[in-house]
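Next up: the structures, one after another.
Each of the next two complexes has chain A plus one other chain: chain B in the first, chain C in the second.
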Partner chain A sequence: MRKGQYRFVAGFLLVPVALYLIFVIWPYIQTFGYSLTDWKGQSQTFDFVGLDNYKALFQDDVFLKAIWHNIQFLVFIPVITILLSIFFAFMVNVGGRSRAGGVSGVAGSSFYKIVYFFPQVLSLAILAVLFNAVYRSDGGGMLNGLLIKLGLVDPDSPVEWLNEPGIVRWALILVVVWHGVGFYLVLFSAAMQSIPRDVYEAALIDGAGRAQSFFRITLPLLWDTVQTAWVYLGIVAMDMFVLVSSMTASMGAYGGGPNHESDVMSTVMMRNFLYFGKSGYACAMGVIMLLLTLVLSVVTLRATRRERIEF
Partner chain B sequence: MGSTSAENHGSEGVGRRALIQRSAALGLISVPTMSFLSACASGGGSDDSPKDGNKGKTSKDNPFGVEKGSKLDVVIFKGGYGDDYAKAWEATFQKTAGVTSTHTGTQEISGKLQPRFNAGNPPDIVDDSGAQQIKVDVLYKNDQLLDLAEVLDAPSVDDPSKKVRDTLIPGTTDPGLQEGKVVALNYIYTVWGLWYSGKLFKEKGWSEPKTWDDFLAICKDAKSQGIGGLAHQGKYPYYINVAIMDMIAKKGGLDAMKAIDNLDPKAFVGSDAAQAGIEAIYEIVEKGYLMPGTNGLTHTESQTRWNQYKAAFITCGSWLENEQLKQTPDDFDMKFMPMPLLPGSAMPFEAIRAGSGEPFIIPKKAKNLPAAKEFMRRMLSKEWSTSFAKEANSLTILKDGVDSAVQLRPGTQSTVEASKAAGDNTFRFLYTEWYSEMGASIEAASNELMSKRIQPKEWLKRAQAAVDKAAKDPASKKNHRD
Partner chain C sequence: MSTPIKETTKVPAQRSAGRTPVRPDGRPREGVVLNAFSHGFLALWALLIVLPLVWLVLSSFKTDAQIGGSAFGWPQHWSLDVFSRAWKTGIGDYLLNTVIVLVFSVPLTMLFGSMAAYVLARYRFPGNRFLYYFFVAGAMFPVFLALVPLFFMVKRLDMLNTYQGLILVYVAYSLPFTVFFMHAFFRTLPTAVFEAAILDGASHTRTFFQVMLPMAKPGLISVGIFNTLGQWNQFILPTVLMQPQSGDDPERYVLTQGLIQLQQQMGYATDLPVLFAGVTIAMIPMLVVYLSFQRQVQAGLTSATLK
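On to the complex of A and B.
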């Protein structure tokens, strides 16, 4: 390295690192500090209580339930979204019937690609309004209206989608999947297009069908992208705050109903932070969330690590 | 360059990898150093007391010494009542007191004000209401609220020989009590109960039910004609909780209510009134008299359905009429009624939950305390109270506070009559103000009950558990009502 290179590189890094320290690392440290106090949220007076908040946390049924729900989201949201979007991306890019000498998507694939992307441009708040109308609990809801017309549901007892302990989390998962599939379809499409066509053509000549070319060629070569998608979707699953708080029944504030069946860590945290005034306790929840998210990303990156295939 | 630079340049250079390692190490050192620099987790927040910079001379008309030309920072919850009434007040205040106001109308009270409270830079007067209000008990515990006794003991604007306190409807300052001090002024006089359409009732030949049996009979008749009996705002179990608690209070009298507010170990389990009340509400569920789907609807969705004659009754407070102005058909003839009576009740049919809502607070660290106090004193004048009734279709806690020249809408008019009929037979729960967490737990249980997932017995157990949990908090010892 030439003389002065340190200074040169450091000069570039100084501002971003400073910003990162002030706006990311410092709040984390503050949160940890507050989590050791009985801070009530609206002033700067509080007492140090040691690890009491953390002890209470592991006896808090609502928070433990919320962690469990996050874990469920963590499993189902990435799996369903990734499987669906890989399938669609495959069909859109290489799933078409082979015409003379080429590999292409199903008919109308460029049209599908755009349509699938539509949901992605909606913000979460709009998404919540939209799906509140879909899941509305009386005959005015889209699903209920349809099912009543078809005679599958009794108009006197419509399905209260978001008020059924067995349905509410699936209903939320569906919203996230519907929203995400389009984006990951585009992501996987881009990755698939970087796979050289001759690989597919060679497989075709060797007599490979759709399924074989998918499992033997597409999937292995997409692994890096799948890994990225998994981490992103994992972050979405760890959050879920906007949808839960604006779609599900209120338990004082920030949704979470019925009976905490849809509560996630972030809604429990916010309820404690603002509504109950147990802000120090909520900060302890925040620290646990941070740790779980860190563990998650490390595990995901480790577990999905494979040898990279160069092409 | 790139990842090969380390090998290329050997010891005289630094590769990308080495650089990252070293800078990471640097970060590890610098992080703890930073926390040493300001040892405590709290960043800002000076605790200096308010300066008397805005204090002018006091006089008879100006008991707090408001200084002309000073500024007042007003934050209003812009919800069901809008914020036009406050703008009208502020304009008057500028004309008569010479104080310019900065006005913020918002629904995000918490989001906008929490940082300001923490930084010791709160507004001067706040209408702390709505779904995102900062709970008064929370603010009080943080020592952020001014004791409003000074305003309440000041001479009234309309009659200087009287104290402001004595011009208000009795009991209306109680919900603003924290540990014996009035720290929030609940400005709007609200009554809670059932609502129905006078038009629908005339058409069907129903009359206002006085007993629970009559109420159920109407629900039954309604159901047979394809109309729901009771609608409630299921997504927010707060509303059905009001009905449940009112049944309990009317059955068991004020003692049953105080048992709950005072966190009695027999507030729910072992209380006959509580059992009778919750069983009565569950009867609606069991017999299928709820409006279909109402358990999952928001307040506006279910109220609008009721406006479309899809249900005979709905539970709500007296803000309903203003909230539903646009959705209510012209000939709907909205009517209010008290909760029907169970046999052997301690209170008469006319008894209603009545009291004040919409808490206005003055932060202890407000910059312009004299003007804030004066603003609140004038809010409790007939002129400002009438202006509120005109802009927001609701009554204030000022006794006889609306100019008789103002024509009220049918629903509001029926609440005036109901409160006259009730006389002293009014009651008001305070646990929602004192114990947010307990309220939320009972809401969760009520949601389960209305969805038929738990029985009254289990509801009583859960409600009692919430009470017992609140009683364990040492801070709860300071709240008590006799």
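On to the complex of A and C.
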């Protein structure tokens, strides 16, 4: 019996563990090793160069610029997405007419949830094509077309949304926000609905207004969800590969233009790996991305730690 | 949980008379203003979501010149010809490739993920906790960390630009989350049923497949939706692993990769309607699945995040 059980356990674990070791863990480990070599492209041989790749990395203006862009995304994407989705979640759940002294959602709240959530099931590749059309740099683009109609943009010199250093990153942020708000709205809605109604009623009896009940009750009780949302949006902001590589002007390969103004770590890494063939150097970038991701998670969890409230 | 407090002093009856509800002190209710305000904002954002999508679908009926001319022209010919052109230009193949990969990768992910999660959740053996954290840790690392060696690993296995290569990689990279989620789920299942099955003489394997797995169905649905969407929308792994390796190696692009490829081609060939028709075709299955299983999709994706 005992022996049969071990055989069963081993049998069940064999394939998953093997797959995971071969395709996930072993490459992860190898990356650290390769990052210490001058391995190039398809060549079979390479030399150990110590920390040279890392030293070069911190003198690589393109990569440093890319880190800075990731940091900007890390700040703006979560802040804008979370604020908007909490705002909409509040509207959907408590913005309705007050019935029976309590609070209620607006009519059609499930309709809004269905519409808002839809972008979440579309692939980022579809979003890239869609927003390339929206941001088209002539009157045929939706945004320029609209602004020309409203008389806000000169038809002879429309805005090049994806080719202006000062605009391109905001244009990308908007796509991520457009994509994410519905998802986080549903997430925050679920959290808001799990707050017992008696808490609101008690506050109402004590004379709290809507604003007060939002800031004093809803928001503090949502804190755990905000934290989760922040970590997930942070991961999105650290990636950005699909949108940057397929929406912005090419800096050789994988977007990043104009003049590296939209480059992020992932696009610089992929360019070095598949376009320049600098495998060892790309591995060092992968390691830096890992370190920054870990720092991000620790900082987020630390900075947002609050006392847990059970209800 | 609680019963609504019955209103006695306020005047709900007036609402039916079509007048603005008024508080006893004469001020209009705060709720009415807020209601109009919320509807305004909510409707605005709904428009911001729907309009670009509808506009893109409409654009596929236009001509290339029309698309470049003005953003708000109406299509002149409602011909479905562009969709068949898009299908032949590659969308059909891309869709087929994606389906071929997912038909294998999603069930295999679910099978291997549940198997590993099950033994880790319900059997005591040395190294159990280590293996669990070993799996879960994988979910924390960015995929970019592994890309370079992964490429050469798949190359050495001679599986670059093959379905089986991508399938195995998809399964491997979906395991951490699947194991994590299903582990939590299997832990909550009652022990009594398991013991009854064993006492009745069922083997461990049989107990898993015929008793425990069916009980875990809600969890399997959630994580299944999560994995299906994740693998359907995956871009970076096929970009690295599914490039033709030589002149006579056929293209086996998946949908996401193919759309970006088509975007480049159609940009040069100035045939944007084909691109937009391609995107429309790519959106249709998502729209149908989403509208039919809207509740499960939302619940699946969000509960997956919250675990």
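Throughout what follows, the second predicted complex is superposed on the first by the 283 of 311 C-alpha atoms of A that agree within 3 Å, B and C clash if a C-alpha of one lies under 4 Å from a C-alpha of the other, contacts with A are read in each partner's own complex, and residues count from 1 in each chain.
Here, a contact is a pair of C-beta atoms (placed from the backbone, for glycine too) under 8 Å apart; a residue touches a chain by one contact, two chains touch by 3 or more.
Because the structure is predicted, anything quoted here is derived from the model rather than measured.
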(message) Do chain B and chain C fit side by side on chain A in the superposed arrangement, or is it a clash?
(response) clash
(request) Could you say whether A:49 touches chain B, chain C, both of them, or neither, answering first, second, both or neither? (result) neither
(request) Based on the superposed arrangement, let me know which partner A:130 touches: chain B (first), chain C (second), both, or neither? (result) second
(request) Please indicate which partner A:172 is in contact with in the superposed arrangement: first for chain B, second for chain C, both, or neither. (result) neither
(message) Looking at A:37, would you say it contacts chain B, chain C, both, or neither? Reply first, second, both or neither.
(response) first
(request) Check whether A:163 is in contact with chain B, with chain C, with both or with neither, and answer first, second, both or neither. (result) first
(message) Of the two partners chain B and chain C, which one touches more residues belonging to chain A?
(response) C
(request) Using the touch definition from the top, say if A:9 reaches chain B (first), chain C (second), both or neither. (result) both
(request) Clash-wise, after the superposition, say which stretch of chain B runs into chain C: 3-11, 111-119, 255-263 or 435-443. (result) 111-119
(message) So chain A touches chain B in one structure and chain C in the other; where do those two contact lists coincide?
(response) 5-6, 9, 13, 17, 25-26, 30, 34, 132, 136, 138-141, 144, 274
(message) Quick check on the complex: what are the chain B residues that touch chain A?
(response) 5, 9, 12-15, 19, 23, 27, 30-31, 34-35, 40-45, 47, 110, 114, 117-118, 120, 131-132, 134-135, 137-139, 141-144, 234-238, 288, 291-298, 301, 305, 436-437, 439-441, 443-445, 447-448, 451, 453
(message) For the complex, give me every residue of chain A touching chain B.
(response) 1-2, 5-6, 9, 13, 17, 21, 25-26, 29-30, 32-34, 37, 40-45, 132, 135-141, 144, 155-158, 160-163, 165, 249-253, 257-260, 271, 274-278
(message) For the complex, give me every residue of chain A touching chain C.
(response) 4-6, 8-9, 11-13, 15-17, 19-20, 22-28, 30-31, 34, 87-88, 91-92, 95-102, 106, 111-126, 128-134, 136, 138-142, 144-146, 149, 178, 181-183, 186-187, 190, 196-198, 201, 209-210, 225, 228, 232, 235, 238-239, 241-242, 245-246, 265-266, 269-270, 273-274, 279, 282-283, 285-287, 289-290, 293-294, 297
(request) Would you pull the chain C residues touching chain A in the complex into a rising list? (result) 1-2, 4-7, 10, 21, 29-32, 34-35, 37-39, 41-42, 45-46, 48-53, 55-56, 59, 67-72, 112-113, 115-116, 118-120, 123, 125, 131, 134-135, 138, 140-142, 144-154, 168-169, 171-173, 175-176, 179, 203-205, 208, 229, 232-233, 235-236, 239-240, 255-257, 259-260, 263, 272, 275-276, 279, 282-283, 286-287, 289-291, 294, 297-298, 301-302, 305-306
